[in-house]
Amino acid sequence: MTSVIQCHELGRYYGQVVGLNELTTELPGGVVGLVGPNGAGKSTLLRLIVGEIRPSRGWIKVLGEEPFGNRELYRRIGFCPQQDALYEDMSGYEIVRLLLRLGGFSPQESRTRAEQALERLTMTARMHDRVATYSKGMRQRIRIAQSIAHDPAFLVLDEPMSGLDPLGRREVLELLRALGQGGTHVLFSSHILYEVEHLTAEIVLIHRGRLLAKGALPEVRALLSMHPRRVELGARRARDLARALIGCEEVVSVRVGATAEAEDRLSIETRAVGPFFQRLNALAAGERFGITALRSADASLEAVFDYLIA
Amino acid sequence: MKDLTRAAWILFQAHLWRIFRTRRAWIAIALAGMPVALAAVVRVVSHFEGPPPLEVLITFTWFFLVQTIVPLVALVMASAVIAEEIEDRTITYLFTRPIPRPAILLGRWLAVALPIALVLCAAAELVVRLLEKPGDAGRELAWMPEGLHGSILLTVLMGGVVYSALFAAAGALFKRPMLIGLGYTFVYEGFLGNLPGANQKATVVYYLRSYLFSEHRSLMGDVEEAIFSVPLAEPSSAVRSLALILLGALVLGAWRFTKREYVLSA
Amino acid sequence: MSAAIIVLEGLEKRYGSIRALEGLTLELPPGPTGLLGPNGAGKSTLIKLLLGQLEPSGGRARIAGFDPTQRGQRLALRRRVGYMPESDCLIPRMNGVEIVTALGRLTGMNARDAITRAHEVLDYVGLEEARYRGLDEYSTGMKQRLKLAQALVHDPELLLLDEPTNGLDPKGRKHMLELVHDLGRAQGKSLLLCSHLLPDVERTCERVVMIDKGRIRSEGSIEELTRSEGNWVEVEVDGDLAAFQRRLGAEGFELEAIGPQRLRVLMLEPDGDRLFELAGSCGTILSELTIERSSLEDVFLEALSAGNARLQPGSSLSSPEDTEIGRSGRNGAGLEPGAPGEKP
Amino acid sequence: MKAETHLEVYRRFQGELRDDPLRFWPLTATGLRTALKQRRALLVLYLPALIVTVILCFVVYIKFTAMDALQGKKLDFEEQLVRGMVLAQAEQMLSVVNIILQFSKGMGSFALLAVTWFASGLFCEDKKAGAHQLYFARPITRLDYFLGKFLIASFFALCAMLVPLLAVCIVASVTSPEWSFLKQEWDVFLRVIAFSLLWTIVTCSLVLLASSLASRRSFALLGVFGFVMLSVPVAGLLGDFVDHDFYALALLADLDALAQHVFGKLAPDAKLAAGPAWTAVTAFLLFSWTVIGLRLRRLEVVA
């Protein structure tokens, strides 16, 4: 996977306020989720990638080229901004067609591409109405449509699902997945971690303007050795299972029945999750503990996020 | 250069008649309509026969129309050309297209300059038509000195175009173009333009005045005579200076617009 | 306060020819309830009715003991209802404490009560020293918590929260959800939570009401709605998946692959031990074993598509301020309802 | 002492929520406190007014004392010179009532300025910040909201007019020999109050109308000044060419005409008679209230 973005000591300051503080990294292709608390520098990074602002220090290369002021690069990049900004008195179709024309397409091709993009965002029925009459979800679809209409090689979206209802959210997730499978590199920022996890395992975590973590979620979780892995179990003979498990040297702690009605609940912390599962399977195969549930409790992106941002 | 003209042409087409869907256009039309309405009232109810004395015509066309309404209409419509895109943050879409940024200023300004010119010339024409009495169709505008009607229209047209370029550029240069524009029109030009002395040459209104009155010296009346002892420029040189101002404003605005990073608040 | 705080019987609301709400019959007991529905389903019309800002066009309703058909009561009921608006809203030139105090007094509190109560709710939502600062120094999270505080200042029984976690980062959302959870469960307030983030609703609410095109599509406790019929068990397998599948097939279990390492096995009664034995016998390791429950999202999408299927042609349009005619005619999301998509 | 822990995070509110008729009053009280925080603006606007008031009181004081000193008292040369000069000046001055009349006209335009500065943001800033969503979720009606804001604006107008005028009247009564001013001209107090209230209503309605129409405070400011400035030439032109009654289109002309009329001093040959001024003002008030009512109706329905 060629790296889509390379940056070296990339920094950006607004006066003393730090937007981004010395980022040196390479971001892979494919679908990547950019996460981080408010004000961590996500929007700043996206704007640097799209070349809307200039780095204060260091450099950044997107698809091998410096983005700021680089007009030709915009033929290969699609950008969906976070702000809800559109030309209120034009129609969705007119906006997408105008931006395609400015993208260098002929009038006929702009027409067909605009229709296709709006079709893909299920906006065909309302595309000729004025944007002022659109709901929040429809405005969001127009913003996404204009970013994919010219089939960019690299698509950047700043919180693409904000304001959408559940139907819209699922549609946009499916669209991004399809684009990813179709070979388009997608980088999108989002605050809704379970949606990011639902779409991709590749994440980039930024906090206070610095890169905190990068890569596939399971690997990132494994790197957090200072946080032993928590596994939750449900079993009819919870205490017997607990006694058996406390014997394994990978197990760091066992909690039984933390709350009254959770008598059959078991929560285990282990440093090496692989060997632990082997030992558990061996035990469970040997003796009937009445296991009804087995789940790793802190492998989700939310858990990793809490550990890193804490 | 070809990219610039192509992008400017596309933006010009896209935004040309769109301005009339915005509230700004209706405010501008209302402004332009005021002199016309007043002229109509004066015409219908005025108790002097025949065409009104030239002073009234000059009052309407020069003082009221060219010195106040033309800059105001240009300000209301043109100052938003870039400023609105920035404030509404729709500029992001244009910045992420493979087009030279000056094309945005040029294209959008042209799309506004044309309607401004139309609205103002229509207003000027109506005012002049209204102030001459019906009935004596034969003489029609005969009472007007040779060529005054034409030069009034041209002055209004040039004023509209040059002012709109100035205020469009102001939109790219400053944060609050409306206030800057008002300040320029009523404080800088209103004040400096009427002060005796060579400093008048630094205002657009001087060149407009030169163009309109250089051949019709007598029309300016005694009051103006005292103030503007400064010799008026030749019409051709006045037009040349106006063109220079127009180009200068657009180039400065485009240069600043390209260099400036619009850090849109998150 | 066990009685239901909201009782709607055939409540209707028409904007001219458009029927925004068509005969809503609903009882809202204390505790947190989620109000779900696509854009333009009539949610905001319902909120306006519950706030006593609109006069119902038909049907009867009792909101916090008041009857919204009479104008006087529509005003009085706002003393018992707290509203947290969705969009950004603040009173210009005032800091946090001043805003909450002013709104408290506007609800009928005297000056002293308003001040003490303002500080009380600002402590509750966790706005420590920020309460004295102007709102331009507030982060989105702090603004959302301030909006919640102003809704709580007059201690209403009913709370209407419109997208409280909108635009918040994960930490802010966690904090807001904890507050909502505590208000609904521990403080026993009746709470109507509008949100498009269904997992958030799943975590904080006990019951859900799904609305689409002005009608209630489905209603009930989340626990019942998401319980799946047959007891399918989902398993994550490390090692030779095919061998394990063959072994299960041999034992006569009905199964289905739902991902690179994930299987779905139908078991009469969920017996993990048996699965471990079978896994052990063919040398594979089970790293996850959960009883399958459909997510609230699936239930929601199914309710919508079922609603669309039963839709008679030429039915009512959705409420005017947010029409999505093009979309509402379409059958749910691309996915078939109840299809085994990955669970979030 | 029995140990107890109060860990309950959320305490219920024991007080009661009164439904008193003055529902809008908190809106005014909090609005005023916020507006009065603009120290600089208060200083810049009201200090000159204060100075003018003090000067005028002094002039009135001199006028009366000079007349009093007239009835015999031997004076040396310089004193005579000074008193002669002052007396001459006092004589030129019309009677005290005319002073007050001119002063109230001056204060009328100053009130317009003050109200425009402090009140032009009342509606549009609320709309822009979304405050209406908070207000209308409370048990207040559109009328309460309007009254609350109107009283904020009137406070600034009354401070600009009523307070200075009454001050001058009181000084006049006190310094006039044996309260003669009070005995003969007691109706001036009523006229001052009547005119101040009338003009307060006019200025506040105009500014609130602009505020309800504009999307930003600066536009509302522009709108008020624009309306007042433009109405003068328009009224002038129409008045000259068409009919004298059209002078009433200029708000400032109405100010003068109404002041003259309220003080019973309307000169017969005045350019603008009282009648058209009253009709213009009442028409304007009705127009502005209906427009404000319509604009507030759109604000009310919240979600």
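We call the chains A, B, C and D, going by the order they appear; numbering starts again at 1 in every chain.
Note that contacts are C-beta pairs under 8 Å (C-beta built on N, C-alpha and C of every residue); 3 or more make two chains touch, one makes a residue touch a chain.
For clarity, every value in this text was computed on a predicted model and none was experimentally measured.
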Pair joined by the larger number of C-beta contacts - A-B, A-C: A-C
Whole-Å separation of chain centres (CA-atom averages), chain B against chain C: 56
Separation of mean Cα positions, chain B and chain A [Å, integer]: 51
Between chain D and chain A, distance of the C-alpha-averaged centres to the nearest whole Å: 59
Inter-chain centre distance, chain A versus chain C - centres from mean C-alpha coordinates, in Å: 23
Per-residue overlap in chain D, given as positions that touch at least 2 other chains: none
Chain-level touch network, classified as line, ring, star, complete or other: ring
Pairwise chain contacts, counting only pairs that touch as defined: A-B, A-C, B-D, C-D
Of all residues in chain A, those that touch chain C in their complex: 35-39, 122-126, 133, 135-138, 162-171, 174, 191-195, 197-198, 235, 277-278, 281-282, 284-285, 288-296, 302, 305-306, 309
Residues of chain B touching chain D in the complex: 34, 38, 41-42, 45-46, 178-179
List of chain C residues in touch with chain A within their complex: 36-40, 139-141, 166-174, 196-199, 238, 270, 272-273, 276-277, 279-281, 285-291, 297, 300-301, 304, 322-327, 329-330, 332-335, 342, 344
Complex contacts: residues of chain B adjacent to chain A: 3, 7, 10-11, 14, 18, 21-22, 88-90, 92-100, 261-264, 266
Chain C-touching residues of chain D, taken from the complex the two chains share: 9-13, 15-20, 23, 26-27, 29-30, 33-35, 37, 121, 125-126, 128-131, 133-141, 300-303
